[in-house]
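Across the two complexes that follow, chain A remains constant while its partner is chain B and subsequently chain C.
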Partner chain A sequence: MLADLSIPWPVNDYSIITREQFINLKNRIIVLEELQYTHIVINFIINIHEIKIPSNNINPILNQLENFNKFDEFIKRGIKFFTRITIIIEHPNQGQNLSKFYSNFNIISILPKTEKALILACGNLDIDIITFDYNFKIPFFLKHKTIGGGIKKGIKFEICYSSLLSLNSIEKQCFINNFLQLVRSSRNQNLIVSSNSENCLKLRNFNNILNFLKNLGFKDSKILTNVEKVLLNSTLRLKSYKQTIMIGEDPINETNHHLKNPIKRHLNEIDNGEIFKIQLKKLKQKNLK
Partner chain B sequence: MDKKYPLEASLLSRSYPSKEKIIQLLETRYALNDNPTLSLKPIEIEEIENSNKSLLTNLREEKFKYKKELKKDESKSVFKKFIKNHQRLQKKLKLKIQHYKKSNNLSQVSETLFKEYKELLKFDDFLTMNKLWISYIKDLLCILNDGNLPNIQQCLIKLSSAEFNGCFLRVLKSKNKELIGKNGIVIYDSQKFFIIVEQTNKLKLIEKKGTYFTFVIPIYDYENENIDDNDNNYLEFNIIGSRFQYRSHDRSGKKFKSKSADDL
Partner chain C sequence: MVRLKSRYILFDIIYPPNPNKELSNYSLKNSLTTLHAVSNSNPKEILNLLRKNIELNYGDYGAGLINYSLMVKYFSNKTSTGIIRCSRENHELVTGALLMINQINDRNCIFRVIHISGTIKKCEDYAIERNKKLMKLLESKEFDEVINIDEDDDEDYD
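Up next, the complex of A and B:
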């Protein structure tokens, strides 16, 4: 299974997208399907300091795509869609309350702008991913001690390869600089690779990118399982209570967005469901005797 | 009365040997006024038998009385012995059947011929336990037979502190590949194992770590309606064994913490 964990949503606020932006989004998904990706995550980037969050309909992706009914053709071909929110944090005291996002988005990530925000994200918050802006140089030094705290909690760190492919040479330089800093401070652990591109020309096959990163000194062999773990961790947040009991068998591959009531199941969907039916029949026969 | 005023009761026990007399005295004194008062009068002295022990030692002995009773309680060790004995019998029966087959050149031998069979647990005896469990879990989750379903998050919170003795389980995934597909009724839910009885009358210990257990709840009234028509009306849940390693009475009051899913 291949997954792209970040396809940016065209706008950064709650306005309705235009027809051209929708077609651009669709084109990117078609290219990803051609490159044999099966799990696609649409990423909504928001700055809490500037934009007010409404009380209901917090998730604009599900609202405007009508629970992914507009992407029905892809779902029929076996592609799974997820939603993700990226919160830009500058002051650590304003990013404390994330509880309203847990029930509305699948994956929750944070983009820290200052060192204090990074320490907060690694230490206290219950999130899946920490990401950085690779078009500019990271304005602070990444310490192994803070990053190591995040690794212990199981938070993954994201590498976005789209700025590597840009025509601007300064952006390329910044990407390589930031990438080497992240690899050094995390000691090649808990890293994931995603695209984060706003253009369908900047999407690449996964092995191509991995080859290039290996030339730069990247050694993680667990990178494919890491992506799977992020999806598992985020889906279990909604479909289980603290990972003790879950609904259904395979939380990643059954996509039911934001279910509020449990679903009825057919016996054919359950693995070896006949056994349970035979058991119930035995109980009924005993009752008759 | 004796428990309500422990100090007065222990003071009076110096002069009266029988408990009933003390209770009677206390009742008459506090019949009208509930405030703790104690007026002492000179009385005729009755004989007291165990006067050697002081007041403090008596109190101390009563305090640690339960520890002596705990040592007498051997139910856990008896249970352990029973399971070990049962597993030994199972092995013995298996060997006997093999031996019998070789010596008599038979292809199939029924287990009922041997004397060990009578001592083994039978699957049919536990069917009533399973029936009770289904009615219990339906009451707990507020599932009525009219088709309305409860809220999903409350369901999961209740299930995480529910009782699983008597549940019919099946192993979905496991690190140990021989366990996959084993099914049976749970007779004991220990800290690291589920002890189940299989349909072939065998006792089996299944480790929780690294395994997923499936169970199914019927939404319709299975005792009266036809089972074949209701293939669509089931709820399916999965127990993640690695996060479930608590004894059942510890689990009921526990607050679970969120962890990363790296080891699942």
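Up next, the complex of A and C:
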């Protein structure tokens, strides 16, 4: 299983996307499919200070793609889509009220612009991912103490490789500088890699990127499980009881969810099906008595 | 005497569509044929492009390290796959430079490293196996229709 956790939505506000932008999005998905990604997350980036959030229809991605009905042909081939919101925070007092996003988006992430915002995001907020803008130098020093607080809570830190592939050499240098700073301060823990590219030319094979990053001094063998954990956490938030118990099948690796009635399976084919069998027998015996 | 050790890199080129141009349809067959289009470049051009990119990204130092024994052993235009030979110590520089190539002959492209091995034979075997799988995908009639298997509802679990 390979997942790209950040494919940016074409616009940064609630306006309706044009036909050209929609085609751009589709072309990116084709290239990702060829590179053998199976889980694609569409990322809506928003600046809370500038844009007012409407009271209903908070999620423009689900709204305009009609609940991913427009991507039906991709879903039929086994690709799964998720939505994500990235909130840009400049002042720490503005990012407190995130509760309305939890029920509308799968993944919630934050892009801190100042050090105070980063401390807030690592300490108090209940989020999945913290990202940075890799086209520019991070304007503050990343301390191990603040990042370590986030790691203890299970927050993942994101590396976006699209600025590595840009033609501008300053952006490349900034990417490598920021990447090394993040690796140093997080001690190689809780990192994830995603593309964050605005067109289909800046997408690459996942293993090639990982090899390149390993040459720079990055040693994490858990990077794939980290990505899986983010997706699992997000689905559990919506569908489970207190993120611990959920009835049903594996929400990530299940591929036939596009059918109206998912294929019924025999109890023998399900993991731990024997426990269900014993339980069924007991229930039947009770009914007979 | 110790033999000269080298690494062989199997790569292929993907040609992504123009970002804002719509394809005629988005079926698996059509997307496969557009992305794996026929390329119109020869091994010499690829070698020059690679040298240029190493110098751009790793500077004079990297170009000096890699210069001996770098060679494009094989390149096929129809499948746009090829094999590069380089020295064993510095093959990371070559894969890093291949990663950052954006254009070839003014045409957008993505270089993908598929396999790295110590002998050219293993690379060939791997390439043949991969192409067989791709051909099978192209030949099969319909991928869009999923066969729907229903099981009996009334089954006893005793």
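By definition in this document, the second predicted complex is superposed on the first by the 251 of 289 C-alpha atoms of A that agree within 3 Å, B and C clash if a C-alpha of one lies under 4 Å from a C-alpha of the other, contacts with A are read in each partner's own complex, and residues count from 1 in each chain.
Everything below uses one rule, namely that a contact is a pair of C-beta atoms (placed from the backbone, for glycine too) under 8 Å apart; a residue touches a chain by one contact, two chains touch by 3 or more.
The shown structure was predicted, so the numbers you read here are calculated from the model rather than taken from an experiment.
Q: Of the partners chain B and chain C, which touch A:H49 in the superposed model: first, second, both, neither?
A: neither
Q: Once chain A of both complexes is superposed, is A:K70 in touch with chain B (first), chain C (second), both, or neither?
A: A:K70 sits against neither chain B nor chain C.
Q: Between chain B (first) and chain C (second), which, if any, makes contact with A:K219: first, second, both or neither?
A: Touch status of A:K219: no partner.
Q: Tell me which partner A:R184 touches in the superposition: chain B (first), chain C (second), both or neither.
A: A:R184 contacts neither chain B nor chain C.
Q: Could you look at A:N233 and tell me whether it touches chain B, chain C, both or neither (first, second, both, neither)?
A: first
Q: After superposition on the shared chain, which partner residues are touched by A:Q279: those of chain B (first), chain C (second), both, or neither?
A: first
Q: Look at A:M246 in the shared chain and tell me whether it touches chain B only, chain C only, both, or neither; answer first, second, both or neither.
A: first
Q: So, A:H144: does it touch chain B (first), chain C (second), both, or neither?
A: In the superposition, A:H144 touches no partner, neither chain B nor chain C.
Q: Tell me the contact category for A:L167 with respect to chain B and chain C: first, second, both or neither.
A: A:L167 sits against chain C, while chain B stays out of touch.
Q: Does any part of chain A touch chain B in one structure and chain C in the other, and if so which residues?
A: Shared contact residues on chain A: 259, 264-267, 277, 280-281.
Q: Quick check on the complex: what are the chain A residues that touch chain C?
A: Those residues of chain A that touch chain C are 20, 23-24, 26-28, 30-31, 33-35, 73-74, 76-77, 164-165, 167, 172, 199-201, 203-205, 207-209, 211-212, 215, 256, 259, 263-267, 277, 280-281.
Q: How about chain A: which of its residues touch chain B in the complex?
A: Against chain B, the touching part of chain A is residues 126, 153-155, 229, 232-233, 236-237, 240-249, 259-262, 264-273, 275-277, 279-284, 286-287.
Q: If you look only at chain B, which of its residues touch chain A in the complex?
A: Touch residues, chain B against chain A: 124, 127-128, 130-131, 134, 149-153, 155-157, 159-160, 168, 170, 172, 181, 183, 212, 214, 216, 218-219, 222-223, 227, 231-240, 243-244, 256-262, 264.
Q: Would you pull the chain C residues touching chain A in the complex into a rising list?
A: Interface residues on the chain C side: 14, 16-23, 26-28, 31-32, 35, 57, 92, 95-96, 98-100, 102, 108, 110, 112-113, 143-144, 146, 148-151, 153, 155, 157-158.
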